[in-house]
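Beneath this line is the structure, given in structure tokens, with notes to follow.
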Amino acid sequence: MYKLEAKNANLWYGKKQALKDISIGVEANSVTAFIGPSGCGKSTLLRCFNRMNDLIEDTKIRGEFLLDKENIYTDMDIYELRKRIGMVFQKPNPFPKSIFDNVAYGLRIIGEKNKTVIRDKVELSLKHSALWDEVSGILNKSALSLSGGQQQRLCIARTLAIDPTVVLMDEPASALDPISSAKIEDLIYELKKEFTIVIVTHNMQQAARVSNKTAFFYLGELIEFDDTKKMFTNPQNERTQNYVTGRFG
Amino acid sequence: MNTRNYSRGKLTDKVFKYTALTFTLFALAILVILLVDIFSKGLARINWDFFRNLPSRHANRSGIMTAMAGMLSLLFFTIIIALPIGILAGVYLQEYGKKNRFASFIEINIANLAGVPSVIYGILGLTLFVRILHMGNSLIAGAFTLALLIMPIIIVATREAIKAVPNSLREASYGMGATKWQTTSKVVIPSALGGILTGIILAISRAIGETAPLLVIGALVYVPFIPEGPNDQFTTLPIQIFNWTSRPQADFIINAAAGIIVLLLITFLLNGIAIYIRNKWYKKIKY
Amino acid sequence: MTRLQEDLKALRESLSDMATLVKNQLKKSICSLLEEDEDLANEVIVNEKRVNAMELNIDRQCEQIFALLNPVAHDMRFVFSTLKINADLERIADYAEDIARMVLLGKRSFDKDLIKTIRLTEMSEISQIMMEDVNRAYRDDNTKVARSVFSKDLQLDEINKNASMIAEDYIKNHLDKIQQALLIISIIRKLERVGDHITNIAEEVIFYKEAKVLKHIDKSENKQEEM
């Protein structure tokens, strides 16, 4: 059974069709990478899964999106959905609050009042995102005083604090320096033991290093979807081969 | 490289720099002359009696007590009326309003209101608050009038501050399942607080100096008592100063100068406090 | 440990296992000759399938690491060397199987004196020591031990060179035992090739550790200091 699924998904921004009849299934506790040149629809598809596209005006969606077999547009409350599916964005976007308050934000949103519960969850989440050792003594400092790589790990901790089962990542490392980027990759590799992760990346080597399965998109269509090893040693579709070998895009 | 053009460029640079410097010094010089004039005339007059005394026909017994009391009370009421309405209106218009032609129409008109001559507000206040609502020429009528005057400033500043909050912060909040109100109250407004405080500073500065609209609604020019409640008649420091400058006796001019010094000091003090608060906030949230 | 480090460790273990298996194949095939043990020879022939399967598996592991993890510097040299050592090991195992088949063909007719004169026993001992050395060199990243096989290979070459003359003499005097003599010559040739492949493995270990290419360089005694 797929954890996350899209069936015949189509999406229009106004008159422009951004997704063309996409069907794809993501297994639990795996890392799936969406790759493809700019404008191919990978981020658009990602944002369908937690209904972030609802925030953009004039979008029309057809098809089914399923989380644990439930339809996320018709069978689910949107706020519930976003607690079960978390998202990490390209540019680190911590709130202008303290490190502690950032991670605790999600818990306070869902109404958690118990201070001990909150404190424990904050510590656990920061440990999960490999940031605890660096910030355990400065939890009250502004989140904006951290470096870019640390801020992104903070955003990951913030997302993990409310125990989602799926984490969507939209180019999480592309705004970071190579060392921070590598730390994020190691983190993703660890996290897949407990979470299902879908990562959009324009960095193919990153997709190769980090994912179990890779999906290649082009101009709104899903061209090929297979085990990562297969995609990078012997892709079946010529366009896929041209893309991963750097012939275009 | 054409060296002739290059050195001409350098010359233009220098000319502009020194011209601008001259104009700046000129403007500063005028300010300095004004301050020197005021301080030389009025500084000697300032003592405890000046603050404690009520106005009187005798210049050396006149004080600014009632004017101060009136001004501070007026400011107090003005702020508690204008602040909540102005901020909430700004938040609503920017965060919740639909972006259509009607909304743009409202936005333009509010900005225009900030530029309307303040006397007009006085006339509006006179008709609406003093006469129709029977508030009389009281503190509360003055407060409502001034509130109307400074509200556009607060609304525009609030809207700009909220517009400046990056959308990525809202996305992060929605992404965690927060509702619009949770996002607005817990993320957007706290992040915009610096800009909102700036708006409040501007508004207070404007309100302190207003004389014309208050005169129109009937603020008294000669008030030998301290207002005790919002329904009492009142006067303010600018009006008191205006009153003294229209008297023929030379001693009253000295009083006026002293009053101006006090008014300047209050303005600087209030601005200073507000700027201090705003800077502290900026340190917390700088992005 | 990062994913790359984990995969490299697994690769090293796979190759070490293969090296041990091939070393045993060689040992058994020689044993089966010297002790005329046909069951042992059959064991070698049957085990060849395992060797081939391991070779394919290591090829796949190297391919995956190159394609997905982009190793650079000494990591890249490590995978590169491992891939080549894999091929050399497979060839050595082939030779071991050939020797086993020749033992079966010989049907226990081998002349023990000839074996001694032609120094086949010596050759088999040296080649086994070399095999042990080079396995240790790979396992422990020890380039000193790797270098020690070069001089031993020269001994194998010497024995091989003299073998023709000795065999010629023998055949002239023992016309009824030509077949086993020819088989013995073949076995000597194969052991010489085994030595060459072991030398290749040593060169690969040195390439990985020191980024020095020793291929096609004269490794005679007087030149060894330069290396």
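A, B and C are the chain letters, set down in written order, and residue numbers restart from 1 in every chain.
Here is the rule we use: a contact is a pair of C-beta atoms (placed from the backbone, for glycine too) under 8 Å apart; a residue touches a chain by one contact, two chains touch by 3 or more.
As the structure is a computational prediction, the values presented were derived from the model and not from experiment.
Ranked by how far their CA centres sit from the centre of chain A, the chains are topped by C. With centres computed from Cα atoms alone, the innermost chain of the structure is A. Centre to centre, using the average C-alpha position, chain A and chain C are separated by 51 Å. Between chain A and chain B, the centres computed from C-alpha atoms are 47 Å apart. Between chain B and chain C the centroid-to-centroid distance comes to 93 Å (mean Cα coordinates, whole Å). Contact residues of chain B toward chain A in the complex are 166, 168-169, 171-179, 182, 186-187, 190-191, 284-287.
Within the complex formed with chain B, the chain A residues making contact are 50, 52, 55, 78-83, 86-87, 89, 91, 93-97, 105-106, 108-110, 142, 144, 155, 158-159, 162. Those residues of chain A whose C-beta lies close enough to touch chain C in the complex are 186, 189, 205, 208-209, 228-229, 232-233. Within the complex, the chain C residues that touch chain A are 2-4, 63-64, 67-70.
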